[in-house]
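Two complexes, one shared chain (subunit A), two partners (subunit B, subunit C).
Moving on, here comes the complex of A and B:
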């Protein structure tokens, strides 16, 4: 029973993180037609800023020796100790802990947005293939810098992050995951409002016919910059949440495989449909978590995750061939009556491109 | 001297693999993210041949060519051609390319794990060890192989009837099919050659660095750097691009890690990546895309005006 409960909590935690990532890619690609093949970079940005700042900030409050915090060679050794002590201190100060939780989410989103605005420079200039390569490479550059520049997240060793929910005692995990689900749900609502607003309609117009959207007076360049900034801010906040949930940030975790997983979720679920993206995320995370739980029961001479990646890759290729619109295809916007659409030429072609 | 030789050998690997990357890019205009894994397949074929058949890795070069070439051909026939026929756009092809990459890399992991448990020897982080001084045989062999392959590929593509037809088919498919060239077959041959060259490059990899299923993927972005530098629409541009990227990475980190900067050598991959990002933002069509004549005339005009 306790095992089932902790399994469900883990599922909810990972789902709330990946739901944000999938929705942010859906906003960019599904609605805006911007193929962001560097999703992991923005996710990592949020995680790195949290890893770099949170432990240090918390350590300063109960008066840790400043050289332990600021001298990198010492911080590298003592960061786990500082994080544990910080958790202990925050256990007595829930208000400060929650403020830090919110602050880190905002910081993560800020860093994400900043990186998104940087990424929009190539995004408005390069063709999809060149843009894809640029974004993948930029993400790898960020990872290489993070794993070598020790002041950031202690290089290859990684940095520990204090538990911001230690004050809740035995309910700590429950309240932590509950807050994550709340943040993620708020994001769903926000994105749903955005895509049904005039902004969302302009976004779809840009995706379907960029020249036509521009001819109707939509500033396509500004629209792309805005979309990448918003999408990346959400990914950054998700990264920050990921760091706070796991209690550690390790640079080498942020490889392009994470980008692939988010793409898998969006394309599988249905690009251009938020419910689809969420369904894709739930399917992937559900199987992934179950595999982690039952791994030791599967008698294979290799890690079952590799088999899972292979199967998922094949599934994605088959989907692209036989059902490119995904499990839940995009539905026509609210402003149209369905009868109007079905007679329209657009009815058959739901997926972007 | 040691560093220069090492840089040369590293560049040979990049050149051999990025020629194929450019070739496949020309056929379908899709960056093949799985190209790095074709290199790994070559490396593992050589390892399997060395361990199971007891031959030297050099003798396994033809086997590696066939294995990686077949993998590339399979990905063309099973993934890209069906999608292309369905009229898939570039983003769809890129997602498929990423999926193929994940499938191949995960399969290589499974292969390495299964072989490790079944043969009771390490199939991860393996090396082809060589005794000897600075000028070890693989540097010589890889250089000779690279030169021979470049020359024969040039002769094939420019001096034989079939090669010319092949170039016509991949560069202008509609025109080529109008004069009766089998475009589909030409594309398949291109993928076979591209994969094969990646496989050959893979044989040399374990002579240099410990090789595991992630090795080729780590190499992929350097190949992109080389291909983009040489121009993604110019097959032999990749040769120049490959040598520039390989040399600048190895020699660059040698210079940067010494005084006065004393940078960690782990920043090595950042050099080609930084070159690639800057290149994509300034001259995305590579060296062959820069209009040198116009640039020169503009510069000379500028000199005249300022003078």
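Moving on, here comes the complex of A and C:
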């Protein structure tokens, strides 16, 4: 029973993180047609800023020796100690802990947005395929900088992050995951309003026919910049949440594979449909977690990790063969107007008039 | 005062001179025809006026204001709208949505205003939907309003293109071969729509078209182009009878 419970908590935690990533990619690619193959960079940006700042910030308040915080060679050794002390301190100060949780999300989003605006520089100048290649490469850039520049997240060693929910005692994990689910759900609501607005319509127009969208008054350059900023801000916040959930940030974890996992979710679920992107994330995380939990029960003549790639690969191929638009394909935009339309039939039949 | 004036436009693509000192005028509330054989620079001229190409030299004035080199979206808000020779619908969006995209939104077109000014753009939405249905009615497309644009026939796509540009009440509409591939009866209907828009709403049109039999009677003025130059101008009848134009079209 306890095992099932912790399995479900883990599922919910990973789902809420990947739901945000999938939604942000769906906004950029599904609605806006921007092939963001550098998703991991913005995710990593949020995680790195949290890893670089949170332990140091918390260590300052209970009065750790300043050289342990600011001297990189010492911080590398003592950051786990500092994080543990910080968790203990925050256990007595839930208000500060929650403020820090919110602050880190905002910082993560801010760093994500900045990186997104940076990435939009090539995005508005390159055609789709070249842009994809450029973004894959830039996604790797940030990881390589972080693993070699130790002051950021202690290079290859990684950095510990204090637990911001230690004050909840035995319910710590539950409340932590509950907060993550809340943040992720808020993102769903915000994105849904965004895509069902004139903005969302302009995005889809740009995706379908960029020249026509420009000729009909859409500033496509500005639209791309804003969209990459918003999408990357969401990815950054997700990265920050990921760091706070795991309690550690290791630069080398943020490889392009993460980008492709998010792509898989969006393509499987249905690009251009938010419900599809969420369902894609749930399907993926469900399979992923279940395989992790039950892998010791499956007798295999090979490494179980290969099973996992095989299952995902086969699922993707089958889906692209039989449902190329994803499990939940794109639907027409939401209609707000009332009287004019209700007199017509909405079913797609020719209305007599 | 003319609505649109181009003054000595030059445009070169590598070794080809697509526009060679092209100066034309379009009067308000008129239909101006642009004729000439394939490759004579008509579409290039439309692309320069609508901001898709920058001219190598020469200037474009619209409504007493120099607009040379403005990007397309800025020209659209200034009042110049265009259609494309090959229809360019937003294929995955419905007919109604195709029109709504083209409306002039005062708010809600950026991620932040979409969230913060929701009430305001929802009010606007109601007005735009009403206007869109009036336009669909006018173009006999109303019954198709909730179909995806990809389901429309070629002729209906041409009508959709026209409907989109009407959403913003432009002062000048550039039509690149609006009748190409349209059956004679529908072509006649489109031309009648265009002339009634000119008469009732005061819209000016600059139209590239080869189907002169259908459109010449409705046009107020015409320019003929050949190899990047304007070779003749005047009333459509004068231009079409000009020996130079006949020679350009028929060769010899």
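What we mean here is this: the second predicted complex is superposed on the first by the 328 of 353 C-alpha atoms of A that agree within 3 Å, B and C clash if a C-alpha of one lies under 4 Å from a C-alpha of the other, contacts with A are read in each partner's own complex, and residues count from 1 in each chain.
To be clear about the criterion, a residue touches a chain if its C-beta (ideal position, glycine included) is under 8 Å from a C-beta of that chain, and two chains touch if they have at least 3 such contacts.
Note that the coordinates shown come from a computational prediction; the quantities given were computed from them, not determined experimentally.
By the document's definition of touching, of the two partners only subunit B reaches A:309; subunit C does not.
Of the two partner chains, subunit B is the only one that A:301 touches; subunit C does not reach it. Looking at the shared chain after the overlay, A:124 reaches neither subunit B nor subunit C.
In the superposition on chain A, no contact is made by A:53 with either subunit B or subunit C.
By the touch criterion defined above, A:175 reaches neither subunit B nor subunit C. In the superposition on chain A, no contact is made by A:98 with either subunit B or subunit C.
Common to the subunit B and subunit C interfaces on subunit A are residues 353.
The residues of subunit B lying in touch with subunit A in their complex are 29-31, 79, 82-83, 86, 88-92, 94-96, 98-103, 105-107, 109-110, 113-114, 117-118, 221, 224-225, 228, 264, 266-267, 269-270, 273-274, 276-277, 280-281, 284. Across the complex, subunit A meets subunit C through its residues 190, 193-194, 197-202, 204-205, 207-209, 211-220, 222, 226-227, 230, 272, 330, 332-333, 335-338, 340-341, 344, 346, 348, 350-351, 353. Subunit A makes touch with subunit B in their complex at residues 29, 35, 37, 121-122, 125-130, 132-134, 136-138, 140-141, 144-145, 147-148, 257, 259-260, 263-264, 267, 301-303, 306-307, 309-310, 312-314, 316-317, 320-321, 324, 352-353. Interface residues of subunit C facing subunit A in the complex, by the touch rule stated above, are 50, 52, 71-74, 76-77, 81-82, 84, 88-94, 96-98, 100-102, 104-105, 108-111, 113-115, 118, 121-122, 124-126, 129-130, 133, 137, 142-148, 164-165, 168.
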